[in-house]
Amino acid sequence: MQLHLSTWIEVEAYLKTSKGIVMPIGSTEQHGPNGLVGTDAICAEVIARGVGEATGALVGPNIPVGMAVHHMEFPGSMTLKPSTLIAVIRDYVGSLAEHGFERFFFINGHGGNIPSIRAAFYEVYAEQRALRGRDAPDLRCTLVNWWENPEIGRLSREFYQGKEGSHATPSEVSLTQFAHPEAIKRVAMEPEQAPAGGFHDARDFRRRYPDGRIGSAPGLASPEHGQRLFDAAVSAIATQYRAFVAEA
Amino acid sequence: MQLHLSTWIEVEAYLKTSKGIVMPIGSTEQHGPNGLVGTDAICAEVIARGVGEATGALVGPNIPVGMAVHHMEFPGSMTLKPSTLIAVIRDYVGSLAEHGFERFFFINGHGGNIPSIRAAFYEVYAEQRALRGRDAPDLRCTLVNWWENPEIGRLSREFYQGKEGSHATPSEVSLTQFAHPEAIKRVAMEPEQAPAGGFHDARDFRRRYPDGRIGSAPGLASPEHGQRLFDAAVSAIATQYRAFVAEA
Amino acid sequence: MQLHLSTWIEVEAYLKTSKGIVMPIGSTEQHGPNGLVGTDAICAEVIARGVGEATGALVGPNIPVGMAVHHMEFPGSMTLKPSTLIAVIRDYVGSLAEHGFERFFFINGHGGNIPSIRAAFYEVYAEQRALRGRDAPDLRCTLVNWWENPEIGRLSREFYQGKEGSHATPSEVSLTQFAHPEAIKRVAMEPEQAPAGGFHDARDFRRRYPDGRIGSAPGLASPEHGQRLFDAAVSAIATQYRAFVAEA
Amino acid sequence: MQLHLSTWIEVEAYLKTSKGIVMPIGSTEQHGPNGLVGTDAICAEVIARGVGEATGALVGPNIPVGMAVHHMEFPGSMTLKPSTLIAVIRDYVGSLAEHGFERFFFINGHGGNIPSIRAAFYEVYAEQRALRGRDAPDLRCTLVNWWENPEIGRLSREFYQGKEGSHATPSEVSLTQFAHPEAIKRVAMEPEQAPAGGFHDARDFRRRYPDGRIGSAPGLASPEHGQRLFDAAVSAIATQYRAFVAEA
Amino acid sequence: MQLHLSTWIEVEAYLKTSKGIVMPIGSTEQHGPNGLVGTDAICAEVIARGVGEATGALVGPNIPVGMAVHHMEFPGSMTLKPSTLIAVIRDYVGSLAEHGFERFFFINGHGGNIPSIRAAFYEVYAEQRALRGRDAPDLRCTLVNWWENPEIGRLSREFYQGKEGSHATPSEVSLTQFAHPEAIKRVAMEPEQAPAGGFHDARDFRRRYPDGRIGSAPGLASPEHGQRLFDAAVSAIATQYRAFVAEA
Amino acid sequence: MQLHLSTWIEVEAYLKTSKGIVMPIGSTEQHGPNGLVGTDAICAEVIARGVGEATGALVGPNIPVGMAVHHMEFPGSMTLKPSTLIAVIRDYVGSLAEHGFERFFFINGHGGNIPSIRAAFYEVYAEQRALRGRDAPDLRCTLVNWWENPEIGRLSREFYQGKEGSHATPSEVSLTQFAHPEAIKRVAMEPEQAPAGGFHDARDFRRRYPDGRIGSAPGLASPEHGQRLFDAAVSAIATQYRAFVAEA
């Protein structure tokens, strides 16, 4: 059940059955030669919808632009400052809490968002304490990165055998190819697998990884892989969601 | 051409031909008994994509949650504080300006966003002056409300004959029915046309308009109307976009 | 009754009779060759005082500097960033609300302020909801631009016959000549009527309108016109104020 | 020369002769039984204008509402949060610095403003360093409290002989009676001289000083005193201004 | 070499040899029955000083209060909001960058700080890009948690054999006993090892872990352990620091 | 009793006897050729601890970096923007107020902090009014500069006979030599006493006072002086603290 495709009356009814909501959060940033700029937003959104279907959870609107300062040397990348992203999450959660939502399950598509999301949760808790004191509602926020579960790990190893890498990975490219087959890009890449490593900031990122990939071979991606990754992620995360909302 | 479905290399190529970008901005708020909570976000997004296709313009990511404080008494409504929305727009425009974009054409789906969007444009201009002085790039931001053009006015009068109203209108509901036929809601409404008028704040809104509609008869909506409204809006706004990016 | 010329005991007495207050808001920015930098602040203030006298309303302190980023290429222009102006209005309204004021009637002298003022109203409403929830006082803020009423339109057409323009207009210059006859400037202007049109930002404004006027012939201004414009505006706006505070 | 009563062309000419500007800053707060709510704003403004006439300095727009949290238990008092007042001063100075002003001479009417004004000066300096580094213009801001000079001290002792007190003083009430003889209030006060002392916050202030005066006997005020205090303050502060703008 | 115990002339000399600086960051929060409220600040500071001595690195001032919203139900706990902590780190790094420091090595004493610190790094990078564009200095910030290295892991297992736990651990208590033997607390604890698990917010934390410990047996702590943990942490982290500043 | 060296249970017990807390606040900035960069932080901290011992007051964590924009031309100086420092103090006080502390006694080591600290107190009061209205706790914050009491004045005159100066003074250097005898610097200074005077901003400071001293002869400092200054300051300020917490 997507919030955007529901009426307020349907939401009112939903709230009588559950205080949980699934919140996708992505990013808008370069993903190498054949990865889409919207990769992280698309992955978070399709998996969130899948989890919504699997569990009956309401799925809130996406946060399509995240914290991607380190990608800003590549055209098309966009970023919120961490302080802006924190304010956005604070307002999202705060709005929904007014209606009685109390369990916020963020499905994240971008590693760079993690610190700001976690900081935002505590900004929310701090603000609730200030506003409501010990009468504050029992709000709980959690964060799940769609790729961090054993099922995805297993498929990645099976499909890519060490060529997953850490940015513009074949897994995420596959997922977007599954979600948007009309936007599959055929691009030759040299070398097949990009060099691995770390980086400091945006300029350093571009210097070290001139085509935007880190350690990955996204030429191995396919929509069929995407389908299987989608199924695995939805199954694993639906289980996590059910546990989260059932917690005492 | 959607930014989210493009690679950074495609964006780099696009920037050699144009400095313009289309930016949809919507809202997540109640739209009466048969209107979707995502109505404004959906309308902005589908029309932006249509304009992108008609003109070849790049279409940026949506801002799906806007300024909707006055809808907060209806479950499912979400809002950014005006100051947060201003920060978001500042970061969106600022990010894209780093890559050389200079013409920002916002297609808006929600009247309540207008002040914050316009204020944000000047926040951007003020910041650019502070940062870059008289060497600042020639950034230009403009705002178009999808429903404010003669073509849409004509169709609305033809289809709804004075029952358009001002919130949860049959035009916007039709557009979402065209965009999401899987989410058409059949709901009886009494009276057919809601009372018209103003309101003060969220509580006053709900008191005066208990089902969320203002002056409208959204039961008249149909996906066929939506198709024609979509075509008209895209055509009118594509012309406006072309003029905007061609301006000296 | 001006707040600045009252004692706190008089304000306490006033609050037993009314919860309304008139708030002037202007700008400090170039107004062409013979217009004063304080034009918008002066117009808002004199009309606010007139409305106060006509209705018995309390008149609060001016906000003399508004949002005028687009005038910053002309010496003497000043601006608050939109986010600062929003904070100022939030604090003005918030302070007065502590004493029991509930109806805030802003008389505005500058078009560029409108988005920030309207955004500020919702910032106030959002903050009140956060702080007080459904027990928040029933605060209502409204905005009236002094030149937007039929009486002023009629006089402008009678006096200037199409030479009103949109910035540094003979109407506003006349009003300031009426208010400050000691500061009437005699300046030759070529051409009599400035070119009309739009603009993008401060640099573009100055490039297109090198003497600061847009579409106007402020050489036609006179203090006698100013007197009649003042009377008309006060009369029209006093009626609007009475309706505003009488609203259920 | 008042900025509000000048044209931009006059300001442009002024800047060829001086980079200095006088900035009045007041407050809107209770001033006891016969003192005006606008006392501090009025005092700062009339003295600033006097200094402008005496020295030829340009006088900027007032900041009529200052930091008066501790007066908020008395109706009519208004306050900016310190952080808002800092932002306002930052924007005022920043705007004027764009035109080439470099010497900002604040004439202050309210002790409670002092910390925020001084903090704001350093906020400005810090921002200029961040934005412009060692190429930042040589901005200098200073603060003068109109009552802090030997001439005012001498007159106060002569007129009030130990009954000046520290809030709602006969000196400031006299100044406003001189500036606004139409708003002189005749109010009996018991005792003639209010108790002196400190206070903690707004509630404590009202508890200790129920009519709003601290240590003062403002019934002794007269417009004639006001004239002499005005002359003395203008003379003393004009000298300070001349020294300030002449400094190497 | 501690910044606080150096003169500016010594810092000037240091900068000719290194652009690196060690920055301790802690927290002020409950640490169970025998742990000090300052545990995390003390641990970060003593290890930072040790690393400074081992490597010759300059050691900056501590950030003694971090992000500890979840400990606020225990008296004495203090917290910065995440947004405040981000601003503090931004100002610390920004100040030092003015002098030419480019490598910022944060030694952290508190898990709850991690998101805000990491978000702050990107806030710094974003601000530097905005202010300086591609000419921004090559600032690099990194974060090391003192307990996350194999040497500490090994000692913890040797000393506490599975009773380390995750809050108010014997390791950190030992370290503070080594650093402040005058403040060793003798407190009986029941049970010896606290229950392990997660928590949601401050109220939930206190409900689940009424004495403040999570999974730990801090009664096992001793200053002798503290000495060995100190030596191990300094040795491991000094190596990390040397690698960090040597990186291309 | 230092908060950092106490357990939460000890703090809980303390709160049954007192609602007062001593808060040291310093700065990290150049202090001339033989003064430590940490001078102001060290002075505030050692005196605060002394006052804590003398009175039994709890002593909170230091704020080691203050507002020192004007020292930023000397390597090693650090500064918070005034707005950041205000936020820090707001969070410190706000945290402690959650536990029931109501009397906040700041011992300050740096003149440049004064405006921001005082502004912060009112930011706290304003926020408490907004959040809690007239039910807000009776929070009281006060500020004592360690050097502003007759005892210190007398010793300074006795020891330095007019060579105290106003920055990098022999008194403060003596205090740090007493506190950190291991960090006494032997540096020849020419002339013995630096020139006195004011300054505008950081560049002006360095231009006028190239070695960082203003009017002082810190070569006269000695740890023995430091001991006597420490004793005098602790004694004087302990008395002030006792009066502060005893106030009705």
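Should a chain be cited, it is by its letter among A, B, C, D, E and F, assigned in written order, with residues numbered from 1 in that chain.
Everything that follows uses one rule, which is that contacts are C-beta pairs under 8 Å (C-beta built on N, C-alpha and C of every residue); 3 or more make two chains touch, one makes a residue touch a chain.
Note that the coordinates shown come from a computational prediction; the quantities given were computed from them, not determined experimentally.
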| item | value |
| --- | --- |
| For chain E, the least number of touch steps when starting out from chain A | 1 |
| Intersection of the contact lists for chain B and chain E | A, D |
| Duplicate of the A-E contact set - from B-E, B-C or B-D, the pair where over half of the pairs recur | B-C |
| Centre-to-centre distance between chain D and chain A (centres being mean Cα positions), rounded to whole Å | 53 |
| Length of the line joining the C-alpha centres of chain E and chain F, rounded to whole Å | 24 |
| Where chain A and chain F are represented by their mean Cα positions, the distance between them in whole Å | 46 |
| Of all residues in chain A, the ones touching two or more other chains | 72, 79, 81, 83, 98, 129, 131 |
| Contact graph of the chains (line, ring, star, complete, other) | other |
| Pairwise chain contacts, counting only pairs that touch as defined | A-B, A-C, A-E, A-F, B-C, B-D, B-E, C-D, C-F, D-E, D-F, E-F |
| Residue numbers on chain F that touch chain D, as the complex places them | 67, 69-70, 72, 79, 81-83, 86, 112, 114-120, 122-123, 125-127, 129, 134, 138-140, 200-204 |
| Chain B to chain D touching residues, read off their complex | 129-131 |
| Chain D residues within the chain B interface of the complex | 94, 98, 131 |
| Complex interface listing, chain C residues touching chain D | 2-12, 15, 28, 30-38, 41-42, 60-62, 64-65, 72, 74-81, 83-84, 87-88, 90-92, 95-96, 98-100, 180, 182-183, 185, 187, 212 |
